[in-house]
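I'd like to ask some things about the structure below.
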Amino acid sequence: MTAPSLAKSRGFDAATVRRLLPVYGVYVALAVLVLFNIAWTDNFLAWNNLRIQLVQVTPVVIVALGMALVIGTEGIDLSVGSVMALGAALIPLYLGYGMIPAIALAVVGGVFVGLVNGGLVAFVGLQPIVATLAMLVAGRGIALVVSNGKYKDIRDKDFLAIGTDAFLGVPYTVWIAAVLAVVVGFVVRRTVFGRRLLAVGDNRAAAQLAGVPVKRVLITVYVIAAVLAAIAGVIQVSRIGSADASRIGLLIELSAITAVVVGGTPLTGGKVRVLGTVAGAFLMQLLTATMIANNLKDSTAQMVQAVIILVAVYTARERRTR
Amino acid sequence: MSASDAPLLEVVGVSKQFPGVRALDDVSFTLRAGEVHALVGENGAGKSTLIKVLTGVYQPDGGDLRHLGKPVTFNGPLDAQAAGISTIYQEVNLVPLMSVARNLFLGREPRNRFGLVDVARMNREAAEILAGYGITSDVRRPLGLMALGAQQMVALARAVMVDARVVVMDEPTSSLEPREVETLFGVIQRLHERGVGIIYVSHRLDELYRICDAVTILRDGKLVHTGLIKDLDRLQLVSHMLGRPMSDVRKAGFTSFGGEHSAAGGKPVLRCADLNSRHKLTGISFEVLPGEVVGLGGLLGAGRSETIKAVAGALPLDSGTVEVDGTTLRRPNPVAALKAGIAVQPEDRKAEGLALGLSIRENIALAVLPRLSTAGVVSERKIDKIVETFISRLRIKASGPHQRVGDLSGGNQQKVLLARLLATGPKVLLLDEPTRGIDVGAKAEVQALIDELAAEGLGVVLVSSDAEELVEGSDRVVVLRDGAVAGELRGDEVTTEHLMNVIATAAS
Amino acid sequence: MTLVAEPKLEKAEAASLRTERIVELVQRQGALAVLAIVLVVGLVAYDDFRSFDNAGTILVSAAPAALIALGMTFVIITGGIDLSVGSLYVLGGVLAAWASQYGIAAAFAVPLAVCGLFGLVQGLVIAYARLAPFIVTLAGLLGARGLMLALSDEGGTTYLVDPGAFKDFGKGELLGVKYAVYLVAVLFVVGMVTLYRTRFGQSVYAIGGSEDAARLMGVRIRGTQIRVYVLSGLLAGLAGSINAARLGSGVTVLGTGMELDAIAAVVVGGTLLTGGAGTLGGTIAGVLLLQVIQNLINQDGGVSSAWQTVISGTFIALVVVAQTYLAKLRRVASG
Amino acid sequence: MIDLRGRWRPALAVLSASALLLTGCAKSEDDPAAKSTADSSAAAQATKSASAGGSTCDLTKFGGQKVDLKTATIGFSQSEKEANPFRIAETQSIKDEAAKLGIPAANLKVTNADSKFDKQITDVSTLIDQGVQLLVIAPLNSDGWDSVFQKASSKKIPIVTIDRKINAKHCTDYLTFIGSDFAEQGKRAADKMAKALNNTGTVAILLGAPGNNVTTLRTQGFKEQIAKVAPNIKIEFEQTGQFSREEGQKVSEQLLQSKPNINGIYAENDEMALGAITALKGASKKAGDVKIVTIDGTKGAVQGIVDGWISSVIESNPRFGPLAFGTATKFFSGEAIPENIIISDREYDSTNAAADLGLAY
C-alpha cells in the first residue's frame, strides 16, 4: 500500500479492513505483541533478547515452511515432530564420519519418511492426516530404535558450532532458516512446482486432467516437508548439544500447523503464504516468550494461548463473497 | 384444492444486494395453482437468486413474499419446506454416501412408536415410490453408486413426495436423457393436474414451449417480461433474454455453428482402436481427421464421457491403443496424452476442470508451465503474453488476469478452460458438453469458436446432450450404446431424426 | 441407464452386487476381522491371555478410550475432528474427584456440565464462526489443559475421591465385570440407536456426506454440528469421571495423546475421516483392537518400548491401507 | 493398486538404500566417557531411615504367602521410556539384580508405560493377571492406584514402589516404599543454594513437569528451606522445563534476557540444569557467574561441577535393584518391613565431584 492511497483513507472502511485482515492480520497481531513487550517486558529490545527469540523460533519456522507447502496441497503432516527426532537420532550415529556425512544422512532419513508419507497419500490414496498419524507414531519409534532408546551427547566442535556460532552477529541457525524461507518462498511463487502444488491443492482432479503429475507433486511435497523437519532436528541437536529422540520435536506439529494457519494459509489448500507463516511462527514464539518473561503460570499461559490462537485464526479466515 | 384466487406464491418488488452486485432489483413474480411457470434469463440474470429467495436460502433486502395471499418470511430452507415449497437443483443435491431410501426420507423419516426411524418401512416405501419413477435398484445401496439420471429422479421423487404445493425445478433436465425427460414431464403433468404450482428453469426452449403455461424473463437482476408463454414466440423470448434486437437474433439462429467443415482429408489426427475398460468400454474404435468435428452421440451412460477420458489417459484401459498423428501413446496417462497433443475439457468444469480458487492467469498457464519456464523457474513475462493473447482472443470478461476463476460467470469459466486447452497447442480437442450450464450468449461464442478451431485444422471430438448442438456442430456422429459403438452418421445422415433413430434402435 | 439397460444387465449386476456386498462387509467389519485374528493368535500363543481376568482387564482399560472414541465417531462422521478430548478427559477426572465430596451425583454431573459446556463453546465457534474444527479443538486442547492445571494448583494438588457411592461405583463389579464396562456398553447401544435410528443420526451422516446438500434438504447444519461437539465433550468428561472413580483420584498426568489414540481407533474401525460414513461397531472393534495389541505386547514382555511404538504405527498404517484398498475394490465391483 | 514402475524406480531405490544406510555401517563419535560404569558397591543405595518410627509390615500381617524369589514370577512396571540416565540406570539395576539372584529372565516381566498413566495402570493389571507374585513399581504418579490395589490385595501380591511414593494404606495396599525423600532433596538443594550465594541473591526455579509429585515436593522443600535459612534470597522466576534439557535451555534463555540479575538457578533435575548451562554459554556467561544447584546426580551434571558450571548436585539414586530385592527377600522370610525405606542420597560439590565421578550414573 502506497502513501497516497493511505492518504485518501476515506475508503478505509469496514469492507477494506475485512478484505485486508486475512492478509495482514498476523502482522497487526505481531506488532501489538511487540508493542506490549516493549512497554512491559524488561530488556525486550536488547539485541541479545531478540537473538534468543530468533534462535528459538528457527525450528518451528523451518518445520512450518514444509507444513505450509503440505497444507497448500490440502494435506497435513503430523509426522514432522517424529522426523525431527529421527534426524536428531541419526546425527550421533554417523558423526564419526564427520559433520557433513552425518547431516546428509539425517536428511536421507527425512527423505525416507517423506517418501513413505507421500507414497501413502499419493499412491494408496490415504487421508494425509491418517497416513502421517501412523508415521507420527512409528517415526518416533524408529528414531528410538535407531538411537537405542538413549540420548547421546555430542562433542564434535564443528557440528556444535552450527548451533552456537554466528555470522555477522546473527547465529548460523537463523541464517539457515532465513535462507530456507527465501527458497521456499521462491519455490511457491516462481517455480513450475509451486504453481502445480497450488493447483493440486485447489482442485486435484482438474490438475490431473491438465497434465499436472499429481502424484509426483504430492510425493515431492511430503519429501520436502520431511527434509525440512529433519534439518530442524539437526539444528536442534546442534543447539542442545545432545540428541534425545524421545523429546526432540515433541508436539511441534501443532505449533507448526498453528503458525501456518495463523499466518493466513487456509487448511483447505490452494494457497500458501510463506511470509505469513514465518510471521505466524514469530507470533507464537513471542507469545510464549512474553508469558515466560512475565512469569505467568503454566495454566494461565495455556488458556491465553488458546484464546489468542482462536482470535488470530478468526481474523485470518477467508471471507468468501458469494 | 380450494378455489381461492390467491396465488400460491407471490413476490412483490423484491431486491437482493450482494457486495458489488445488485442480484435482484425490484422483481415481482406470481405463481398460481396448477401453473407451470418458466423462469428464464441468461446466467447472472438473477434466476438462482430469485429461487433462493423463494426457497428461504436467502432473505431479501427489500420487498414482500406472500404465500397464499399472506405475507411470510422464510428464515431458512426448512421454513419454505414447511410451507410446501420443494426444490430440485440443477446439480443433484443429495448425499452420495447415504442409501437411496435414507436420502429420499432425510428429515421426514417414518418413525415407530418409540420415535425411532422405522428402517424397514422406510425402505419398503422408498422402493414403492421409486418404482413409480421407473427405478428398480436396491434402495439400501448408497445413492452415489447410481447413475446421474437416476439420482436426479430420486431428487425429483423427494421433492414431490410430500404434499408440495410449489415445486421449483432448476434445470432439471440438464443431466437427464430423453427417456428420463419424458418420465419427468409425466410427473410434471400429474403435479399440474393436482394443482401444484411449478417453477421451471431451463435453457432449453423446446421444453419451455412444450410444458410451460407462463414465462417470466429476468435480465441483469431486473424483470423484463412476464406473461403467458403462448403469447410470446421463440425469437421474442430470446431477444428479451439477450436484450438484443430481434433481427440480430434471427440472423444468428439457434446454434452458432456454421455447418460443414472442409475436412480436407489426409491422415487422421486421432485414431482410437479397440479401447476396452472393464464394465465401461468395449471395443471402441473411431478416428478424427484434421479439421473435422466428430460428435459422440448416445444416451447418458452410454460411455461418451468414459471414451473421452480414456482417450485423454484419465481412465485406465485394459487394452486398446490411442494414436495421435500416427504415433501411438505408449503409456496412456494425462501427462503423456497432453504431450502428444490431446487436450480435454471434462464434463464437470467445476469438479474436474478449473482450480476455482486460483486466478485466470494460473488456470490458463497450468498445463503449459514447463514450456513457459527455464530450469523449473517460470517466466512471468511469457505467461503474461500467453494469457493476454487468450483473454482477448476468447473475449474473456474479467476485471483482470488476476481475478479468481471462481468469481467468473459460467460462460467465462468455460472460456478460461478452453484457453488452457488451446494454450497447449493441441492437435486434438476433446470437448465434453462444452456449452452445458452457460448462458445463451456465451454458448454462441463457444460454438463459433469450435467452428473456428476446426477450420484451423484441429481435430475435435464433441460430446453434447443437446441433439441440435451435436447434429449442427458435427461433421460425423459416432453413436455409442452400453460402452460400444452402435453406429455412425455421415454426411446427409447427420440429422436429429437419424440420431434419434440410431439411438432408439440401438437401445431396443 | 437403469430405465434402458436394467433387464439386460440384471445378471451381471446381481453378481457384482454380491461381490460388492462381501467387500463392503469386509471393509466395514475389517477391524472386527483383524481383531478376531489377533485374538486367536493371542489365545494360542499366550496362556495368560486366555484368562477371564485378562479379558476383564482389557475391557476395563478400554472403557474410557471407548467413550472418547464414541463421541469422536459422531464428530468424524460429520466431517469434523475433536482434538480437545484428551484434555477434557483429564479435566473431567479432576472435576469428578473434586466433586465426589458432594456425592456420586455431583461427581458425574460436574464433569459432564463443564466438559459439555466446553464442547458447546467449540461447537458454537465451529458452526457460527466457521473456523476449521482442527484449529478450534486444538485451541480447546490447550484451554482445557490450562483450566485443569488452574484447578489443580498447577498440577500440585491431586483431589482424592471421597469414600462413598462414587468410589464404590469405581470398585463395583457385576458377574466379575466392572460397572463401568456395562455403562460403556449401554452407552454404545444408545449411541448406535441414535446414529442409525434417529433423525439426529441421519443429519450427522448427511452433513458429513455433503454439507451443501444437507443444507438444501433442510437439515439443521449448525444445530447438528453443535450437538456432536457437545456430545463429544460430554463423553470425554464422562470418561474422565469413570476413570477417576476407578483410580480413586483426579490424576493430572493423564490424557496426552489420547485424542490421537481415539482418532486412530475410529479410523481403524472403518470410519472415513472425510465424513459421511462410519459405524460404531467398527469403532468398538478399533478400540479393542488397539487395546488387545497392547496387551499382547505386554504378554510377550520382550518388546522394547521403542519397538512397541514402531509396531503400533505400522499396524495402524497397515489396517488403514487395507481398508482403502477394499474401498477401491468395492467401487470397482459396483462398476 | 500401487503402481511402482518406471519413473518411480528411483524413489524405490532411495527408499531401500536409505533403509540400508540407516541400519548398517553406523559410526559414532569416539566416546571417551564410555568407560565401564563404576558399578561398585559404593554406588549402590544405602538405607538412611529404615524404620523411622513408622509402622512395619510382615508376612503374617500382610496375609500373603511365602514365596521363593528364585522361582517366583516378578513384575516390574517402569513409568517412562528408558531414554534418560535415571530411568536407564533404574531398569538396568532391577534387571541386573534379578540376574544376580539367579531369577530366570522369563520370570521377570517388565513393562514400560511410556509416560502414560493409563497405560501404567493397565500394565500393572496385566502383570497381576499374569500371576506375578511380587510387584515392583516405579509409579508415574502417586495417586490413582485404587484399582490396582483392589486387584493386587485380593491376590495378596506385595507391592514395592520405588523412587516415587504411592499415597495409600501401608501393609494393606502396598508393602513398602523405597526411595528418596523429595522434599528433603529440595531442602538440601536450598541449603546448598544458600551457601553458594552467601544467603543473598535472586534465584530462578526450573520446575519439573507440572502435575508431578516430584515437582511439587522438590519445589515445596526448596521454598520452605530458603525461607527458613536465607530469607534474603528472593525467588523471582518459576517456569516449567518439563524435566527436559531442550525445554530447560529454552526457558533459561528467556530467563536470562528478562531477568539478567539472576544469581542462582535451581533446576529440579540434571537435564534442565544441563540445558541451562548451554543457555548460559549462549549468553556469554562464564562458569560460576550463575550458581546452579540441581538434583539427580547424573554423570553429565557431576562433570558440570568439575567444569565449574554447577555448584552442587543432590543425588537421587536410581539403583533400586539390590534394595528392592533385598527387602522382598527379607519380607518373604518373615521379617518385618518398615513403611518407608528412605535411602540416603549422596551429594556432589566441588570437594568431591572429581573423585566421585565414577559413582554418578
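Going by the order they are written in, the chains are A, B, C and D; count residues from 1 in each one.
Convention: contacts are C-beta pairs under 8 Å (C-beta built on N, C-alpha and C of every residue); 3 or more make two chains touch, one makes a residue touch a chain.
Nothing here was measured: the structure is a model prediction, and the numbers come from that model.
Graph distance from chain B to chain C, where chains that touch are one step apart, equals 1. Contact count check for A-B and C-D (C-beta pairs in contact): higher for C-D. Centre-to-centre, using mean CA coordinates, chain A is 43 Å away from chain B. In this assembly, the C-alpha centroid of chain C lies 34 Å from the C-alpha centroid of chain D. Averaged Cα coordinates give chain B a centre that lies 70 Å from the centre of chain D. Taking each chain's centre as the average of its CA atoms, chain A and chain C sit 30 Å apart.
Among the residues of chain D, those in touch with two or more other chains are 1, 81-82, 210.
Residue positions of chain B touching 2 or more other chains: none.
Across the assembly, chain C contributes 149, 154, 304-306, 308-309, 325, 328 as residues in contact with two or more other chains.
The chain pairs satisfying the stated touch condition come to A-B, A-C, A-D, B-C, C-D.
Put simply, chain A touches chain C in their complex at residues 76, 78, 120, 124-127, 129-131, 133-142, 144-145, 149, 254, 257-258, 261, 267-268, 297-307, 309-310, 313-314, 317. Residue ranges of chain A in contact with chain D, taken from their complex: 41-44, 46, 48-49, 52, 55-56, 90, 92-97, 105, 108-109, 111-112, 115-116, 119, 123-124, 144, 146, 149-156, 164, 216, 219, 236, 239-242, 244-248, 289, 292-295, 298. By the touch criterion given at the top, residues 1, 81-82, 109-112, 114-119, 121-123, 125-131, 140-147, 150, 167, 209-213, 215-216, 219 of chain D touch chain C in their complex.
Within the complex formed with chain A, the residues of chain C that make contact are 81, 125, 129-132, 134-136, 138-143, 145-150, 154, 260, 263-264, 267, 272-274, 304-314, 316-317, 320-321, 324-325, 328. Within the complex formed with chain B, the residues of chain A that make contact are 15, 190-193, 195-196, 198-199, 202-203, 205-213, 270-271, 321-322.
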